[in-house]
Every structure is written in structure tokens, then in C-alpha cells.
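Down below are the structures I want you to see.
Two complexes are shown next, each including chain A; its partner changes from chain B in the first to chain C in the second.
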Partner chain A sequence: MPRDSLITSENDIDVGLDLAEDEDVLASEEGHERERHRGKRRDGDREKRKREKRRRKEAHRAEEGEDEVQTRPERRERGKRKRAKNDQEAKGREKDEAEEQELEKLKEAVDDRKKLIQGLRGKPFPMKKKLVTLRESQEFVEKYEGALGKGKGRKLYAYKVMMTKKWMKFQRDFENFKTACIPWEMKIKEIESHFGSSVASYFIFLRWMYGINMILFGLTFGLVMVPEALMGRPYGSMPRKTVPRGEEASAMDFAVLWDFGGYAQYSVLFYGFYNNQRAIGWLKFRMPLSYFLVGVGTVAYSYMVVIRTMARNANESGVGDDNSFNFSWKMFTSWDYLIGNPETADNKFASITTSFKEAILEEQESHKDDNIHLTRFLRVLANFLVLCCLAGSGYLIYFVVRRSQKFALDGLENHTWWERNEVNMVMSLLGMFCPMLFDVISALENYHPRVALQWQLGRIFALFLGNLYTFIIALMDEINLKREEEKIIKFNITMWEVSLYNGTVSENSTAPSITIHPADVPRGPCWETMVGQEFVRLIISDTMTTYITLLIGDFLRAVLVRFLNYCWCWDLEAGFPSYSEFDVSGNVLGLIFNQGMIWMGAFYAPCLPALNVLRLHVSMYLQCWAVMCCNVPQERVFKASGSNNFYMAMLLVILFLSTLPAIYTIVTIPPSFDCGPFSGKNRMFDVIHETLESDFPAWFSKVFSYASNPGLVLPFILLMVLAIYYLQSTSKSYREANVELKKKLQTQNEENKRKNKRAALKAQMDLEEARKTASQTAEQQKNNNASLQDQEADEEEDFSSSQRLNHGKNGHHPPPTAGDRQLPASRAPAPRTYHHGNHGAPGYLPGFSRQSEPRMCRVPSLQRH
Partner chain B sequence: MGTTASQLGKDVLSEYQELTFLTKQEILLAHKRFSELLSKEERDRPDTRVNIYFISNPFRQRICQVFSTSDRKDGSLTFEDFLDLLSAFSDSATLEIKSHYAFRIFDFDDDGTLDTGDLEKLVNCLTGETDETRLTTDEMRQLINNILEESDIDKDGTVNLSEFQHVISRSPDFVSSFKIVL
Partner chain C sequence: MVSPAIALAFLPLLLTVIIKYRYYFVLLYRAVLVRTWKDCVTGLTREERAYQYVLTHATPGDPDSILDAFDVWCSKVEFISNIGPKKGKILDRLLMEQRPLTVLELGAHCGYSTVRIARSLPLGARLYSIEMDQRNAAIAEKIIRLAGFDDDTVELIVNPSDEVIPCLRSDYNLERLDFVFMDHWKKCYLPDLQMLEGSGLLGKGSMVLADNVLFPGAPKFLRYLRKSGLYEWKIHRATLEYSKGIRDGMAELVYLGIK
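Right after this comes the complex of A and B.
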């Protein structure tokens, strides 16, 4: 039988492997301990192999017991050919039953093998062994898989097996494909290896942000901008899509375009260009509805993604919240293996040393404040200064925005570049210099670096937020001004139309629409486009400042330091200017606020996500390059884990704060009367009502109107509140149960410790006693042959202890034989000395090494709990 | 096995994918990097030291020794050892295998437990070579006592594998920092 030969050959391989390994072990003269260490693993393997052998034997028996089984395929073929007779079939059925059981066993064996194959990568074997095991198991599976199942089931089984194989392969390929698709992976890994994981975490965050912005861009581009550009009415067909006559001359100037005026203003990039036609093109695309839904959808999607990521991060990092292993963690997990740069490594060494020293100091609790009053005073002073800074920057922005409104009323043409871009420049400059100021101020406070970093982040956050909100409040003022203006213009327009009609009433009544060019029609100020423009300008200037600071602050500085160092009186590289560090927290904050502005402005300027994608793309390359070429690793190398959720939490706060004003304007302010997709409506969300009424069947709108009735909405809200309350209380109780369980675990642990200690002590005592008696008996034996009974008992004890010495957890006591009777005197001490010698520590007390013996027995009990 | 050929065979590649936590690209990259280190005699068993990748890792020698299957105990790695190493240090490796290898790396004298000597060496590795970062003997004693107090559950004066894994499994950032990328 070929199969039989296969099995024996497999067994041979097994044995050969064992032999080879034994030889290997014999050959290696490293040390007794190492062998034991390995032997432990090998024991486990051996057991596994034994199990496999047993399984194989079972399979084997299955084969042998029924000769028919093995020739089954042939038999079936024969049966097909010859049309087997009835009695033969009956016999076959009987056999089939027996066969089934054995097949079942075989199937189990095969499944076990498969499991083994799957779990192999998680086993700490060397590759060679893994390869051998893998090939062996695969061969086994392939050989026997075909024999499984029978009749129709057989085909199905084979098909299933084939499909699982294909599916596995597909999954693996897909996984490979997915990793190949992740952009900038190599770049980030390179940075990771140079600067550690904290700097890399910024770039990973940036990439994540890029992904989100890609989706936002896809939504706005695919569902708003492209349909309007392709199917909407073309440029110049109506007033809102035409540059007014007064601006036509300068509409193509670069300065105007750079400010997103002129032709840029009257394009799909901004809200005002969109028409309020309900359905456009041959697709009958519902443009206003799509605009509204995309606006809401981008925000909803962002919320979903941020919250989901936060939840996942919280799950991942939720384990390590207790401080019971403070020192051990510092010891075992503080090295960042990604660091591949000597300088970073030096910094890391320093920071680890400090953290050790700090921890020791804290443990000793000898940490005493030299002058607590002075520190307190300084901290209050620092906070006061920071508050002053914040208030000052807020006022400055408010002042500047109001001034720019005045300039705008005068007309932008007769002002300088600075006066036109004052707001953005002031905001960017504040964002650049205030953090430096905070850094200086925080030196007063004398906080622990980690706490100081948090304070610093909080302050910068407050600064950015304050600036953003001042900006928004100023914008609100402007919106109100525009709306006043709009009212006047609206009145004027009606007057103008009336006069027009009066003048042409003698002729045809359809005349005005023909004779008046859309560029000449007077129009309202369109506050929505104005808001969009402001945001776009803000983003542009912010991006520009970021890039320019990068180039000047990092690159130019690095170049100067590098090349001026040859002819300077002190060492520039090590001394004052030095190279700049990569500021992770500042960059992350910048990114977050940038994103906040995108969320705020995207409704009024559909081009914002596109701009942001561009910006992120460029900054990915630029910053990667800058960080590799002109930054030095941070002095305080801290690990990234844990900070991720901090970033996310900030992002969530910003998301909420930035959707607030956007939603406020959408809900409370009526849209402009002559521009944008919602013109002519009382509120922007009226588009939903309109769609419900005209596009859905009547019953649907009826249902909707019932559903939006306060009588239904209020109970629903109540229900939701109740559900939240319920969930919160259950989570609280779970947490309590968790704490309870933890306590229980701790007490159990302590109990165990005590028990173990007692056991260890007892074992030690026993050993001591045994040795004593053994030596005594040996002496006795040597001198005078004492009573046999006594000796045997002692011997047994001693033998068991020496057994334990050799075999660890092997609790098997062979009965003392006559030949062994001389053992205690001659052999018992031998393993001990052997043991010593290999420890390489002659100073060890004999008791010490013995004390460690029962450890091996206790390991399993530890694992059990 | 065509492991040292300039291009890995397809079946070998898929086997490696099965046996490690690495993706196809990573294996190919590893192979490329590895064969860059080799000279002309690629045919016979390559005994190349690969400490290039861990230039500033204080455990570089330990890592090589742990993953080496060489008989000469010189920490030389074959390509398969190298793959084992990368797999254990890869992103997707399980906590179990990572902690197992971490334990063996920290176990300087290869006796299966972390005793005082091992811990001392470990601290010295972590604090660097220079005198200014080194801990004083008092601090060292205190630190090691604290560590044993925390993690030596059975109080035998050493930390064994299961104790070590117990400690490590609670740590929030072990998995994220026990990584090496090519």
C-alpha cells in the first residue's frame, strides 16, 4: 500500500528528527541550563508529536481494518463498470458504516493538522522546524483529504476543501494587496526607525486624515461639483453664474484670483454659483437636495469615523490602567525597538535613566518641595500671563476683522496687500508666535515635563479655539451686515424691475429677459459665498505659513548651522541655534485645527476638501523630507501609545465645535435670495420638505409629518435619554464588577503566593532533612550496616528529591530497586554539583540553588490561576 | 531549498507567508536586504551577521543570539532565522510570541529565568554605556528590589516566563514598541 509506506516513512522522519535533535542537544555544550530551557519546549513538542502519532496510528488502523476502504475509489469504478450485485451492496453498506466512523476519526485528524498549520506561525520554533512540521502536515492533509467523504458528500467535500484553499489564498493575496495599497508606508517606516514611534505617530495621523479628506473630497466632488459643472446651466446663463459688469475688467487678474474673487468666485468652487433648479440635466439630478445631503453627510461621516476610531483605540489601550507593575513596565517595555538612530538612542537612554530615577525617588517619597509658596505664586502668575495672551490675541483678531470689514466697504482696490490679507496673516502669526511665548512662560511653572506638555497643549488648544471663534463671531457680524445690505438691494431690485417694466410696457412683456445681459442685473451680496471665501483664504494662508515656517525655520536654519559652522566662533551644531526638533504636538494641533476649518467651511465652499487633500498631500512629502533632512530627534522621546486617543479626543472636540456654527447658520439664517441652491426658500432645510412633498408618495410625507410632530418626537427623545441612562448604569455596574473581580484576583494571587511560599519552604525543609538523613545513612552504611527498613524509607525520599532535581515537574517515583540501594551515598550529591558548576556562580549557597528547584513544579499552578 | 537564490521560489514564499507574520512584500524586502549582505558565495549556507539593522539597539547581540540557530553560538543568522526574527518583531505578531522572545532576549545567561544578574544587565543595557546615565549601586538595588516585589509572584527571587508574560500582557505599549522594521 502506498499509503502505508507513507505513514512509516513519516514515522521515520519523526524519529530521525528526534535523533537529530538529541544529537543537536548533545553537541551543544553551552550549558546545562540552556538545555533544560530548550528541553522544556521540546517536551511540549514531543507530546504533540506523540499525539500526532497516535492520531496517525488511528488513521492507519482505519485503513488496515478495512482493506476495502483503501481501494474504495477503484471499487467504485469497478462497481460502475460491472453493476455490482445486491449481496455485494449489502456487504458494502455494512462496511460503509464502519468506514464512516473511521472516516470521522480521519477527518478529525485532518482538521487537527489544519489547525496545527494555522497556529504554526504563533509558535516560537526556529524556522527549520516549522518548515518540516508544515510540510509534513500539509502532505498528510493532502493525502487524506481526498479519502474523506463519500458518494455525493465526497464531491461536495472535495469542492469545499478546494474552495477553502482558494479562499485562503485569496485572503492572503488580498491582505498583500491591501498592504501594498497603503500609501507612504516605507516613508513612515523610515522615519519611525530614525525618530521613534512618536514622530511616526504624527505621520500616521496625517495619513489617516488624508484618507478621511479623500472621502470627503469624493463626496463633494462627485455629488456636487461635477453634476453642477456638467449638467447645470453653463457659465454666463444667469446673473449668479456671471461676473458682474463692474468686476469684469479685473476678474482674470492673478491678485483677484488668488483672493478667490473674479472668475473663481463665480464658479463651482463656491456656494453662490449653484442654481436652485430642482432637477438638473437628463438624469433629473436633484441638485439642491444633493447639496444639502452632502453637507450633512460629510459631517455625519466624520463623526462616525472619529468616534469609531476612538472606540477602537480605547479597546486596545483599555487593558493597562492599573499601576501595579509600574517598575516592571519601565524595565521590560520602555525600549522602543524601532529606534535605529544613534542620537535617538542616546536620548532614549537618558530618558529611561531619568524615568528610573524619578520612579525610585517617587517610591522613596523623599520628594519634597523646597518652596511651595514660590512655586504656587509662579504658577498662578504663569496662568495669568497666559490668559492675558489669550485675551490679547482674541481682541487683536476681532479688531483686525472689523477693520477688514471697513476696508471691504471702502473697496479692496485702494488698499495694500497687507491690509487685504491682514486677518489671515494675523491669525497665522499668532498661531506661530504664541506657542513660543507659552513655552517661555511654562518655564516659570517648574512642572514635570509630561505635565508641562499637557499644559502646553491645552494652552495652544485654547489659543487656536479662541482665535477661531473670534473669527467666527466677527464673520457673524459681517453676515448680519450683508443681510442688511441684501434687504436694501432686494428693495432696489424690485424698484429697478418695476421701472424696467414700466419703460418697456408699451412693447413686449417678455422683452426684459432678452435685452438685459446677466452681467448687468443688480444682485445681492450673497453672504454664503463670502463665508466660503473667508475660509478658503484662511486655509490658503495657513498652508502658506506652515510651509514657509518649515522652509525657513527648519531648512534654512539647518543649512546655516551646517555651513556657517565651519567659520564661526562657537559650535553652532551643539550650541545655541542647533538644529530644530520635530514638534509633534504642535504639528498635530495644527492639523486638527486645519481640519476643523474644513468642516466649518465645507458647506459654503465645496472646494475646501479638495484643497485640503492637496495640502495634506504636499505636506506629507514636504514634512517627510524636512524631518529626515533637517530635524534632530527629540530630547524627550516619549512613546506614541496612549497619545493617539488624545489626538482623537481633540479632533472630536474640534469637530463638534466646528459643526456648531455651521449648523447654526444653516438652521437660523435664511439663505440669500439670488444665489445658491437654496435661494428663494425660507430656510435651507426646506429642501427636505420640498422633496418629501413632491418626490415621495403622499402617504410618506403624511407619515413624516406625523413623525415630526412634537407629540411623537418628545417621547422619542425621552426614550433615548432613558436608553442612555440605562446603558450608562449598566456600564457602571460592569466597571464595578470588574473592580470586584480584580480585587478577588489580587487576594487569590496573594493567597497563592503565601501557599507557594509555604510549599517552597516545606520542600526546602524536606530536602534538607532528606539530605541530612541521606548523609547520615550513607555514613551509617559505610561504617556499620544498619537496619534495612529505615534506610529504604530515607532512600526513597532522597531519590525523589534528586529526581526532581533532574526532571523538574516529573513527579514519577520509580520504586527503589536493589541496584539503586547504593545510590544515595554515591549519586545524590552529584547532580547538585553539576548544577552549581553550570551556574557559573561558585558563591551560591547550596541552599539557594536548591531553593529554586521546586520552582519548576510550581509553574503550572501559576498558570492555572 | 531555494532560499538563497536571488529570487525566492513561489512555493517557498507561500510557505514563509504561512509560517511568519510577514506579508509577501516584507518577505521579499527582507530577502533583498539579506542578499545585499552576502558576497558571491551565496550558494552555501550564509552565516552573515545582521547587526546593521539594529545599529543603536542595546540588545542587538542578544537578539542575534536568541534567533540564531548556528552551532557556533556566534549570533550569526541564516535567512530563515532572519525571517523568524522579523516575524517576531512584526506588526501583526501576537503578544504571546513577542513576550516569549522578549523573555529570551532579557534572559542574558540563558537559564530560563530572569534573576538578579539578568535584571542588572538589563538595566545597564537600558541606561546606556556612559557614566552619567548609569545608575548607582544603591539605585540599582532599589530598582531591582521593586521589580521583584511587583512581578515575582512566587517570591523565589527570579522572574520566570509565566510571570514575565503576566506582567507584559498588562502593559499598554509593549506590543507597539516591540517592533523592528526593515
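Right after this comes the complex of A and C.
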């Protein structure tokens, strides 16, 4: 932000330079400011001013045509000419001295201006004047800075100044260029100005996600898919790379391809296509090793990026506490300065006022706490309802997955499209509709909106997670089924091979070159490809649902509302259906879970990152368009400054939860025997062992085996844990110190405030007393017999003032505890009541003791809440 | 055929819609279904039924009891979109503060708001009430008389507002309107307001109060207010009369005059 403002302001100055045609205009604009500066160099002022004027005019004329650079030599030339003329005229050193003096003065003036520019921010000028002054001074400095150097150094100095200027300009341009290079920046800024930063934060998150997926895509595409496609064995050379004979007829049908069967299944997109050949092509590319390392690397990279971003965000957010100065925060920080749309500004204004009202109400409520049982009951009821809903959705998914297995056993061809896609449909629909229900249910609970949002996010999270894990559990069942099937098939294949071999041997022993087309070879079910396919289908259906919801729920609704509004009996735009709002939390969660599925499935379907990049790209454009076209700004526009790390934390949790099943399958389940890069091995990670043994020298594998010895690994882990513990405890102590310091600052502040107030009070009291004595003397002059009451009052006045003085003494050293601080507050009203009790005339005493004292006491108590 | 599981997945949506828009469903039931049913059964209009109820349950000559009877009927028996007790309080307060001498009411309906306004008028003030529908006007007349307001205080004009406003000055010798209350067709808010501006009846400090600007809503009216600098305006947010969950508002405009 400061960089931007700097750039614009400097640009403005450039413009201002061109615009400032004449000095007179400027002088009229801002006369006395210039006068003040000129007053410092009064002698010889007039002459110089004339010269200045001439010089400036000429310089300006030159600037109009050419560049600034060319004016400088000219000016210097003019200076020389002038000097020569002077020499001619006076032939003496006096003139030179005068010149020197003048230069000195000029330098002083320039320094003054520079100082002014630096300290301008703190000056108590109005903004307009500040701007004018800044422009003026910068112009001045720019004009005369180059002329300051002496003799030989002058040229160099001018050159240096020019170069720094150029360099700054270049830097500025480069910054602008860099900003222009950030993808979708303008779009996001526009959305931000219309919808506030919370909606924009979603898009920034989306962009960030896009970046990560680009890298994941680069890894899988560059190190797995392309090498296999270029250097691996071509399609049709092996059974695993060929569509089986039975499926050949329908392998190119769109319906089959859409389900990622047929030719799509037997391609580089899925695990099963890869061969277990150790090195492929002339590069001797270690395919299985690369496959494994890329799988591990994507996950590791994701962890690294997420954690790094979290740490950075945590640093940026600082240690602001939102709880202690509720009203001050609201007062000074609730405006979103990025809003550029009047309607959003209206909404923001309304939301700030309502938030104030709510906060005040809340403050009042917090003292009351009535009907707590009803609230508690309602909250428990709401949670119960949500749990029921979660259980219901979980059961529905389980039921559907079970049914789909039954369908799969029957043969998918016998069932309709609806039945085949039931699982994905149901999952998407539940994921879409249940959050709405949660939202409605949460109205029961009567939480503060911030808390309510967190609950809502937590519930949606639980729902998504439950659905995902139900899906995975069902998938595990299916994997086990497939492995049973695999065993049988493996046995059958050996029988088949034996019989084939026997047959050939018995028929003609001389020619064993009987070739069987790879499409005819029987093969195992390849559970890895099945898992990959499931995930790809899930992603596709999820994407489709998102887009269709967008088109129907937002676009169609907007169109209907807009055009039916002309002939409808109530106001559709402001009333019931209205335009939709952008649902930040739902969208963010959708994105996060989508990413989780990518992480889970990427190992078995290398095409997933590519698909996801595509999806994110499309959804960036589509959602940007949809937001601008058919959504309205939220009614409660809230700032998203703190939510970024919340998203990140959720992402981390999802990352962990999604790598869990992937790692579990990799570690515990043996790979299929006839498909994939690890076929024939006992476990997938054996590929590391194999590489170590065959590709590295013997000593290396020895070292590695030592290093992987539990005796070495365990102490290392222990050390790491200790280090983490140490770091955490130090950071904790730092945080505590911070809090301590903040408290100190706060108390000091309060102290100062109170001191000031007391001084003001005292001054006022003195004034009042003086006035009173004056009036009393007048009264005494008028009426000699002074009443008894007056004397009494005087005494009391003394008493109360001494009381107040006592407070003053109390306050000078910082009070150690809150209770001590409260002491004057509780004591202060006492003499006042005494006064009132004694005399029937409340107007007698000076008014301040009644008004300002309670206020003084309330200040700390308000801040403490 | 869609499988039952997919149909079940739509259950949360159904529940959401029902819970979220329950007030609107209740309103639909009370304002439309019950009304048509009763219309068919009794053969009377809704306003006539309300009048009968008020006649039997209120004390003649006592505006408060008439208003109470109306409120009870509208919240317990059937639904008529009167201004209602809550928003009525705002209206009362504004009238008390403003002390208007000439009041124009657009849309008397069955006289509830007329009685409400007339009740809190200062002495010597006069209320012109415009109602378009003949039958409603007859009932409003009866209600007003029942509340004890005579012709000097309340004058009921049976004509569409867009016909009456241009000739207010000539026919009724009006110079200036101190207070205008709008509660007729929401689409007529804007044209009527512009007509009032054009007729020159609004003076500096005249107040216009428009009911139901959020629900059913008068968006063009509000948009016009935002753009024209003629008024100092704000919206009193409240709920729809005799209903808790539907948000509604009254726009309070103070005419600043042309500078």
C-alpha cells in the first residue's frame, strides 16, 4: 500500500511539474507557505527570484519538447555564461564570493525543503495543504539539487542525481510491471472493491491453490507422464497397455470415456498403464523410482508450502488481540478501505452500525445472563439435530456405496446412468444441501456471528470429512474384494499359461514362437487403477455439480429475478428470492476438500493434478464472472484479515487426513501383480531398496542401512522432538513477554490519561475557585453579614479538594493491581453524596465534580472489559 | 428413473427451505389461503369481516379500543396489511414530534392508519385520506366515524391518488402539506411522490413517511431517494406487521426544498 501511494504521488508530481506553468499561480495558491521559506533568505532575494523565474520558465519550455536530461547541460551552460558575464562586469572576487554565498543559501534552502518533505507527515496541516506543500518542495528540490555541487564535482553530482532518479523510475516501473504480471490481480482487485476483502480472500486463496497445483502438475507431468509416453513401451505392446478384447468394441464410446474407462483407462492417465521395467529409453530413466518419488514429493512439497505459508501468515498477523478493546477495534478498524462500490459501502456502513448495536447489546447481555437454561437447551438441541443430520448423511452414503458394489457385481451395463453415478451424485448433493440446513439450524443457537461462523465451518468440515471417509472405507472394502478376485485370477493365469505351454509343446516342439495378442491375455483387476478412477470420477462430478449449481443457483436465479421483476406482485430484487450472496465459507471448504481428494488420489491417477489445474483455471474465470454478474455484496461484509490462517490450518488438517489413507494403502497393501510400475514387488516402497542395491555403490547402501537402523533413527527423532519442544517453549515465553509489555503500555497509557485529566480538573477547579472568591468578595462588598452557609460550603470545598489531591498522590505511582486502581473510583462519589445529603441545593457546587468524576472513574473500567 | 437415494439427498434442501421461509409460508397461508376460503364461505370481503369484528368488539368513540380490536383480529383471525402496532408507534412518535396541521394519507384501506393518525393529531389539524376502492372507502368511513372523528378532522376522498394529488391545491384549498403518509400501492410511491413535488405542496420541513418499503418493497422509490438530493431520509427498520420474521421498513423523508 505505501509503495503504491508513493508511486501515484510521484506520478502526480510529474504531472504537477508540467502543470505548474508559472510561479505566480503557485504563489497565489499557497502564498504564505512560500513566504515563510523565502523569509530565511531575505537578502538578495529579489534578484534571485527573478533568475529563478527565468530559469524555471526556460527549463519548462525545454521539458515540453525534450527530456529532462537535456535541460541540465543547458542550465549549466547558462550558469557558465552568467558567470562569464559577471566576471566581465565586476572582474573581481566579490562577485564570486557573492555567488558562493548564494549557492550556500540555495543549499540551505534545498536542505530545508528536504527536511520539510521528510517531516511533512507529522505536520498539523490539512491534507490539501500538505499535498501542495509536498509538490512544491519536491519540485524545488528537483530543480536546484543538480546545481549544488561545486566546481569539478558539479558535473559528477548532477550525473549521480540523474542516475539515481532514473534508477528510481526504473524500479518503480519494474514494480508496476511485477504487479501487472501477477495473474488475475486486476480481476481480484475489482471484486475486492465490489464485495469487500472477505470475498477477495477466497479468490486469492484460489489463486494460491492454482499455483500449488501448477507445481504438482509440473512434477507429475514432467517426471512421470511425459517420460512414459515418450520412452516407455507403446500402446498395445503388453497386456497392461492394451484394452482387453471384451471391451474393445465400446472402448471409444463417449459414455465409457467420460467414466474414464476404455482407452482412457489404458493410458498414461492411470497407474495401471505403467510398466515395471527398471529403466526406460535411451536415457535409462528409472521409471518406477521416479513414480514413487514424485508421489512422495508432491505430498512433501504440499506439506512444506502449507506450513511455510502458515508461519508467514502468523508472523504477519502479529499478536493483535481482538477481545480486549472491542469497541476501539470496531471504531477504528472496521472500515474496509478497499471498497469502491457505493452499494457495498452502504452495506458496510449498515453492518458496522448493526455490529455496534449488537456489541452494545452483548455488553449489556453479558451482565444479565438471564434465561441461560433455554439458551443451553437450544444449543444442545441444535447440536443434536446437526448430529442426526451428519449420521443420516453418513448412512445414506454408506448405503449408496454398498448398493453400487452390488451393481458392480451385477455388471454396470444393466443399470441406468443415475444408478451408476449414484455415489458421486449423492455425495455432491449432500455436500451442497447439508450446509444450508446447518446454517438454518444454527439460527437456534443465538451465537455471536463470529462464533457462529466457526461452528458452521466446523460442522461443514465434519460433514465433508465424514462423507470422504465413508467413501474411503467403502473403497477399502472394494480393494479387498478386488484382491480376492486377483488371487483367483492369478491362479487361473498360471493354469492357463501352463496349459498353453503344454499345448504348444505337445503340438510342435520346434516352434515355441506362438504369439498371443496382448488383448487376449487374461489379467487381474488392478485395484490401483480402480481407486484412481473412482477419485477422478468424484472430482469430475464434484466440478460439474459446482458449475451447475453456479449456473442454476446464481445465474438463472439472477436472470429470473431481474426480468420477472417487471411483472411480479412483490419486489423480487429486495424481497424474497433476491440475488444470491457469495458463500465464502462453503466455497473455501469445497476448494479445500477438492484439494484433499487430489492429494489422496494423485498417486493412483497421475492425471489428477492436471485435471485440477484445469478445473481451478475454469472456476477462476467462471466464478469471477458469476460473482460480478449475479451476486450481490453480502449483507454483513466482514473483513478477512484473520481468516487466512484459518483456511491454511484447515488445509493442513485435510492434507494430513488425506495422506493418511494414501500412505496406508502404499505401505500395507501389496501392489497388483500385473499392472503398474511396482508390479512383481512385495511392497511399493521396495523400489527404493532395489535402487539402492543396484544403482549406488555398495558403501552407500551400507551407510544407508546403518542410517536407517532404529538405533540411529530413534535418537534422531527424539532430538527433533526436543528441539521442537524447546522452540515452542521459547516462543511461548516470548509471547508472554509481549503480553506483559502490552499490559505495561496500557497501564502507562491509562496513567497518563488520568494524569492529564487530573491536571485539567485541577486547573478548572482553580479557575472556579478564583471566580467564586471574586464573586464572594463582591457579595461581601454588597452584603456585609456573610451567611453561615457560605462558610460551611467553603469548608466542604476544601475537604473535597483535599480528597481529590489525595487521588492525585495515589495516581502518581502506577497502581499495582486492578483493585487498587479501582479504589478512587469507589471512593470518589462518596463526598458528592454527602454534599447532596447535607444541602438541598445541588446547583451550589461547581458542576464538574458531579460530571467529570464518574467519567474519570469509568475510563479504566470500560477499558478493562 | 431417479433412484430413491438421490431423492433422499434432496431432503436437507427441502427442510432448509421450509425452515428458512416459514414466515413467508405462514403469511401465504394467512393472507391468501384463509382469505379466499373465508371469502367463499361468508360471501363478504375481508374488510367487511374485519369491520364486523371491530363493531362487535370495540367501544364506539374510543380510537384506542378500535385499534386494539383491529390488532387482535389481524394477528389472531385473519391478515390485513395495516401498519400494525409496532410500526404504528413510530408513526405516533413522528406525529407527536412534527405536530403537523395538514396531513395527507394515501391509501386509507379500512381506516386503521387513518384512526391512528387522527388520534395523535394536534387540535385544529386536518387529515385528508385518499382511498381508491369504493367498498374499502365505505368501511373506512364507518370506522372513522365509529372512532369519533368528524368531517372537520378527517376528510375521506374516494379517488385514485394520481387523480387527486394534482387538484388538491385547487379543490381543497391546500397550500402546504406538513405530513404525508403513504401506504397504498407500492408501485405508486414514486410517481405520487414526484407528483407531490411537482404540485408544490411540499414545503421545507414537510415529512413523508412511506410504509412497506422493504417488503413488499418499493425499490424504485428508494433508488430515487438515494439519487435526488431533495430529502433527508432514513429507514426505520422493523418487521412486517403481525409477523415476526419478515423484515420490513418505513422510509422517513424530510423535504429540504430546492436550493
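Assume the second predicted complex is superposed on the first by the 532 of 865 C-alpha atoms of A that agree within 3 Å, B and C clash if a C-alpha of one lies under 4 Å from a C-alpha of the other, contacts with A are read in each partner's own complex, and residues count from 1 in each chain.
In this section, contacts are C-beta pairs under 8 Å (C-beta built on N, C-alpha and C of every residue); 3 or more make two chains touch, one makes a residue touch a chain.
Given the structure is predicted, the values throughout are model-derived calculations rather than measurements.
Undergrad: Have a look at where A:E419 lands relative to chain B and chain C in the superposition and call it first, second, both or neither.
TA: second
Undergrad: In the superposed model, which partner reaches more residues of chain A, chain B or chain C?
TA: B
Undergrad: Touch check for A:T691: first (chain B), second (chain C), both, or neither?
TA: In the superposition, A:T691 touches no partner, neither chain B nor chain C.
Undergrad: Give one of first, second, both or neither to describe whether A:W335 is in contact with chain B, with chain C, with both, or with none.
TA: Touch status of A:W335: first partner only.
Undergrad: Mind working out whether A:F399 is in touch with chain B, chain C, both or neither, as first, second, both or neither?
TA: A:F399 sits against chain C, while chain B stays out of touch.
Undergrad: Return first, second, both or neither, reflecting whether A:Q277 touches chain B, chain C, both chains, or no partner chain.
TA: Neither: A:Q277 stays clear of chain B and chain C.
Undergrad: Looking at A:E573 after the superposition, I want to know if it touches chain B, chain C, both of them or none. Which is it: first, second, both, neither?
TA: second
Undergrad: Per the contact definition in the header, classify A:M436: touching chain B only (first), chain C only (second), both, or neither.
TA: So A:M436 only meets chain C here.
Undergrad: Given the touch rule stated above, what does A:A760 touch, chain B (first), chain C (second), both, or neither?
TA: first
Undergrad: Touching chain B in one complex and chain C in the other: list those residues of chain A.
TA: Correct list for chain A: none, the interfaces share no residue.
Undergrad: Provide the residue numbers of chain B that touch chain A in the complex, in ascending order.
TA: The touching residues are 1, 14-15, 17-21, 23-25, 53-59, 67, 69, 71, 73, 80-81, 83-84, 87-89, 94, 96-97, 100-102, 106, 109-113, 119, 122-123, 126-128, 130, 133-135, 139, 142-143, 146-147, 149-151, 153-158, 160-164, 167-174, 176-182.
Undergrad: Given the complex with chain A, which residues does chain C contribute to the contact?
TA: Within the complex, chain C contacts chain A at residues 1-3, 5-6, 8-13, 15-16, 19-21, 24, 186, 214-219, 222.
Undergrad: So in the complex, the part of chain A that touches chain C is made up of which residues?
TA: 389, 393, 396, 399-400, 403, 416, 418-419, 422, 425-426, 429-430, 433-434, 436-437, 439-441, 569-571, 573-576
Undergrad: How about chain A: which of its residues touch chain B in the complex?
TA: 27-28, 30-31, 33-34, 36-37, 40, 117, 120-124, 126-128, 130-131, 134-135, 172, 175-176, 179-180, 189, 192-193, 197, 317, 319-320, 322, 324-329, 331-342, 344-346, 349-350, 352-353, 356-357, 359-360, 363-364, 639-642, 749, 752-753, 756-757, 760, 839-840, 851-852, 855, 858-859, 862-863
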